[in-house]
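Note sheet for the following structure.
Chain IDs A, B, C and D follow the sequence of writing; residue 1 opens each chain.
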Amino acid sequence: MANSKFEYVRDFEMPDPLLSNTWIVVRVDGRAFTKMCAKYNFEKPNDRRALDLMNTAAKAVVTDMPEITIAYGVSDEFSFVFHKSCVLFERRESKLVSTVVSTFTSNYVYSWSAHFPDSPLSFPLPTFDGRAVCYPSVQNLRDYLSWRQVDCHINNLYNTTFWSLVQLGGLDNKEAEKTLAGTVAADKNEILFSRFAINYNNEPEIFKKGSVIFRDYELVDPDSHNVASTIDSQAMPVTQSKTQKENDKKRRAKARILVEHMDIIKDDFWDRRPWILSNKPGKIPKET
Amino acid sequence: MANSKFEYVRDFEMPDPLLSNTWIVVRVDGRAFTKMCAKYNFEKPNDRRALDLMNTAAKAVVTDMPEITIAYGVSDEFSFVFHKSCVLFERRESKLVSTVVSTFTSNYVYSWSAHFPDSPLSFPLPTFDGRAVCYPSVQNLRDYLSWRQVDCHINNLYNTTFWSLVQLGGLDNKEAEKTLAGTVAADKNEILFSRFAINYNNEPEIFKKGSVIFRDYELVDPDSHNVASTIDSQAMPVTQSKTQKENDKKRRAKARILVEHMDIIKDDFWDRRPWILSNKPGKIPKET
Amino acid sequence: MANSKFEYVRDFEMPDPLLSNTWIVVRVDGRAFTKMCAKYNFEKPNDRRALDLMNTAAKAVVTDMPEITIAYGVSDEFSFVFHKSCVLFERRESKLVSTVVSTFTSNYVYSWSAHFPDSPLSFPLPTFDGRAVCYPSVQNLRDYLSWRQVDCHINNLYNTTFWSLVQLGGLDNKEAEKTLAGTVAADKNEILFSRFAINYNNEPEIFKKGSVIFRDYELVDPDSHNVASTIDSQAMPVTQSKTQKENDKKRRAKARILVEHMDIIKDDFWDRRPWILSNKPGKIPKET
Amino acid sequence: MANSKFEYVRDFEMPDPLLSNTWIVVRVDGRAFTKMCAKYNFEKPNDRRALDLMNTAAKAVVTDMPEITIAYGVSDEFSFVFHKSCVLFERRESKLVSTVVSTFTSNYVYSWSAHFPDSPLSFPLPTFDGRAVCYPSVQNLRDYLSWRQVDCHINNLYNTTFWSLVQLGGLDNKEAEKTLAGTVAADKNEILFSRFAINYNNEPEIFKKGSVIFRDYELVDPDSHNVASTIDSQAMPVTQSKTQKENDKKRRAKARILVEHMDIIKDDFWDRRPWILSNKPGKIPKET
C-alpha cells in the first residue's frame, strides 16, 4: 500500500538551522525543582548529592557528544557549548536541543539511585527543559558563561547567608528575607563572619563557582598566543585531511573529561586551555 | 555584586512561538534504536516488552500534560498532539519539544527495569530526539496521524513477512530481502499464508495498528454532529468561566487514560470521541 | 576563475517558508506618512487623491500577482491576501513580502503625478514597509479583515469629528482633542449632526469603509453553499489537470479587478463571492 | 465602538529579530530583468545608463539609512550592509528588508526618466525582491562581498567575450556559447585580444569591479591598526554619551557618499577605511 496520499503532511515541517559560525549554547533547566527539593529533602542551601548527580549527567552528555567543547552548571541548570564550527545534525535546533535534553534526563534518572540510595524516585519524575542560543563571538560566549558564574556567586552568597540566618540564627524565612533586603555582598560576608564565624571564602568551591566540564589536555603557557581573536577571525572550519580528523577524534576520545570548580571569568582559564576555543585537541597529559 | 555587565547576553535569545490556532504535533524518535535492539536482544519483528515500555512512557507524558489530546505511537516513535487552542508555555517551540522529550525519556529509563527485568540498562543509555510540526486544519492533523498509521501497517507487514522468511523459512537476510523486492501487500499476505500458514489479519492489533492514547469518556452517537468543520471554524479558544475551566480540569484529571490499538484513519474513531478534537471533556463512563 | 573559495557564504542564508495551508496576509504600511501628509498638503481628514493613488498601486499589485485573492486598504496601509493554497516563491516570506512591497512602491511612485499633477515628488520619496502574517482558518482571516475595517471606521469617525471641530468649529487641535476625550461613537455622531449638520452616514463610502479589491465574477445566491467550512476542511490544493489550470488562469486574467468600498465584515460579501475563499474563478459577467 | 473582538488576530504576528552582533546584509535583486533588458533595449553586455540608475537608487538608500556602512552592486543586484551593532527597527527582518527594497524601488522608478529620457516606463514596472542574511564575523562579511565581486568579474569577462563574438565576430548566440564552452579566464582574454584587439584590463572599472558605495572620510595609514580582530572581539556596541552620538550623527550626515569602482577583496580597501568596519566616522576630508 502506498502512503503517498498522506505524505504531503511532511510539507508542514519547518527547517530550523542555527546560524553558521556561531557558538551554540544549549541550556538545560530543571522543571519544578523547588518541588523536587522539598520532596526529596535536598539540603539547604546546597545539596552536594544533587549537584554531583547533575555533574554525572552532564559529564555523560559531554562524553556522548564530542562536539561539546565546554559545559557549565550551577544549581539545577547546565549549559553545553557546541563549537562554532560544529555541523552536528546540520545544526538543526530541535535535534540539538532535544538530544542534549534527552541524554541529560536519561543519565539523571539512571544515576539517581547511586547518588540518592535512600530516596527512590517516584512520580512525577524529574524532567528538564532546554533551549538553544547562538553567540557570534568568543567574547559573547565568554560573557554568557561569566553571566552564569556571576549568577552562581550572587545566589550562593545570598542563600548561604539566608540559610545561616534560618538554620543557625533561628530566624524564620520572612525575618531572614527582611534582614537581607538591601544588603550588598560585603554586608552578607559580614553577617556570615560576625554572627556565624563563617568565612565565605572557605565555602566549598563547587558551591561558590559551580561546575565546569571539559576535556583534559596539557596546560599551555598563557603568553604564547591569542586565541580569541584568531578564533573569531576564523571564517569557517579549517579543512582537515581524513587522517587529521581521525587523529583529532582519537585524541578527543582518549582525553579524560574533567569536572572542575574554578573561575572561568578571567582570561587565565582560557589562555591555558586553548583547545576549548580552538577545538583542536591538545596533548594528552602523561599519567602521574 | 551586580550582574548587569553580562546580562546583555540575554538579547541573543530568539523568540520561538508556534503559530496560534494550529495543532501542534511533537514527535519523539528513538536515537540509534537499531543498536539498542541488538544490544538488548529485542525480538523480531516486534518486541512486545519494548512496545509496552514505549506506551508506559507515552502514557506518563499524556498524564503529565493534559494539553495533549491524543498520542500515537509505533516502533520507537511517538507523536503527541496538543490541541490547537493550547497556550502552554506560550506555545514556545523549545519549551514544548524539550519538555515532552524529557518527560518521555525520564519515564522510559525509570520504567525500563519493570519491562526488562533481566536486561539492566548500560551505557550509552536510551535517548530520544524530538521536533514540533504545526497543522492548520483537522484534516491536516488526521492526515498526519493516518500517515503514521499507514506507515505502521506497511512496515509491519513487510517485517512480519521478512522475519517469517528468515526465522521460519530458513532464508538469510539477503535472500529474504530479495524475495520481497517488488512485492505488493497481497503478495506478502500470500507468502505468509501459503508458506507459513500465517493469516496476517490474526496478528496482534498492537503490531498492526500501533498504539493510540487518549482520555476515556462515554462514546457518542456518530450521527449527531460534525466535529471537524465546527472545530476548524473555531477561530479562537472559547472563553470559559473559571468554574467551567475548573470543571473541565477536574474531569480531565478523573478520566482514565486508555492505550488502544485501533483504526484512527476512518471517521468512526473520531466521530465517537468528539472530545479529542473539541477539547471539551465528555462524560466519565460509569464503572462496570 | 572559480568562485568556490567564497561560496560557503551561501550557507548563512536561512530558509523562511511560511506554514503550508494557511492564509498569507502581506500588509504594506506607509513610512513617515504624517510628514508626507504635511509636505504635500494632504486634505484632512481624508485626501481623496491620496486614497485613489493607494488604490491604483494596490490594483497593480493584484493584477501582477493573481495569487492574491483579495486586498483591503485604508489610510496609508494595504493588506494583500494570498490564498492558503498559494505556493508562489515556495511561500518564502522574504520573497513574498519584498515583491509585494516593491510592486506597490513602484506603482505608487510611477502614478503619483497622475493623482498629484500639481505636487511633484521630492526627496525623501514615499516608501512603504511590509510584513507577512499567516492565518490558519477562514474565520481568522475574516477576523483580520474585520479588524482592519473596524479600525477604519473608528479612526474615520474620530477624524471626521476632530477636523470638523477644527475646520468648521474653529477649535484648535488641543481643544478638539479634549472635546473628544471619552466620547463614544454616538457622541461623535451627535457632535457632527448637532454642531455641523453632518450626517455621518452620508459621508463617502471610501472614507467610511476603506477599499476592497478583488476579481469580478457573477455574484452567487448566498443560500446555495457554505464556503468557509468547505474551505477550512480542504487539506491541500485540489489537484487540477493542466487544462483546468490553464482555464482558471485565463479566466482570472480576463476578470475585471474591482475597487469597491463596502462592508466585508458581514457574511453577505463572502457568501455572494465564493471565489474569493475557494480560489476557483467564477463566471465572467456579461458586459452590459 | 471597541475593536477588541477582532484584536486577537495580532497574536498571529510572529517576531522576526535577526541575531544580535552579526552583520546584516540585505540584498536587492531585480525581478524579471531579462525581460526589462529586452523591453528597454539595454546595451549588451553592460548598459551604462542602467548601472548608473542602480547606483543612484542605491546611493539614496545609503543616504536615507545611515546605519548602512557599505553597499556593493553589480548588474541588477545591490547588497546593503548594516553594521553588526545596528539596532534599527530592533533588527526586525521584515522591517529591514522591506524598507530597503521600498526605498530602492522608489528611487529607481523616480530617477528612471533622468537616466532613460527617451524610454518612458510602462507596465509592468520594474520591481525588486530582497532578503537578509547575517554574517557573524568580519571575515564572513568580507568573504560575502568578495563572492559578489568575483561573480561580477566572472560574469563580465564571459559577457564581454560572448557579446564581442556576437556583435563584432558575427556569430549567433549558440555559436558564441559553444565557442566559450570549457574556456578559462586566460582563454577568454586571449579571444578578446587576438580576435578583437580588446585588452580586457582596459575595460571600464564599473563593468569589471561593480560599484562600491560608502561615506568619505580621510584615508588612514594601513599599518597603524588591525581593524578586523578588534571589531570581531567587540561584543557589544560601545556605550556612547549623547554628545558623542550626536557628533557621530553630524559627521555621518556631513560625509559625502562616494560611488566607486574598485577592488574590495584585498585588505588595502579596508585597512585604509577603518570606519566601514568600526562604524566610527573618520575625519571629513578638506575640500580641495
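One rule holds for everything that comes next: contacts are C-beta pairs under 8 Å (C-beta built on N, C-alpha and C of every residue); 3 or more make two chains touch, one makes a residue touch a chain.
These numbers come from a predicted model, not from an experiment.
Q: Please give the intersection of the contact partners of subunit A with those of subunit D.
A: Both-contact set = B, C.
Q: Mind checking subunit B against subunit C and telling me if their interface is mostly the same residue numbers on each side, over half, or mostly different?
A: Result for this pair: same.
Q: By mean C-alpha position, what chain is farthest away from subunit B?
A: D
Q: CA centre of subunit B versus CA centre of subunit D: separation in Å?
A: Chain centroid spacing, subunit B to subunit D, equals 50 Å.
Q: Please work out the Cα centroid separation of subunit B and subunit C, and write it as a whole number of Å.
A: Here subunit B and subunit C have centroids separated by 42 Å.
Q: At what distance in angstrom does the C-alpha mean of subunit D lie from that of subunit C?
A: 32
Q: Give the residues of subunit C touching no fewer than two other chains, as numbers and ranges.
A: In subunit C, residues 8, 12, 14, 19-21, 134, 140, 143, 235 touch at least two other chains, as defined above.
Q: Given which chains touch which, is the overall layout a line, a ring, a star, complete, or other?
A: Complete.
Q: With touch defined as at the start, can you tell me which subunit A residues reach subunit D in the complex?
A: It is residues 19-22, 84, 134, 136-140, 143, 228-229, 232-235 of subunit A that touch subunit D.
Q: Please give the residue numbers of subunit A that touch subunit C in the complex, ascending.
A: 8, 11-12, 14-15, 17, 19-21, 235-236
Q: In their complex, what parts of subunit C are in touch with subunit D?
A: Touch list, subunit C to subunit D: 1, 3, 6-9, 12-14, 28, 31, 60, 64, 93-95, 97-99, 101-110, 121, 123-135, 140, 143-144, 146-147, 150-151, 153-154, 184-185.
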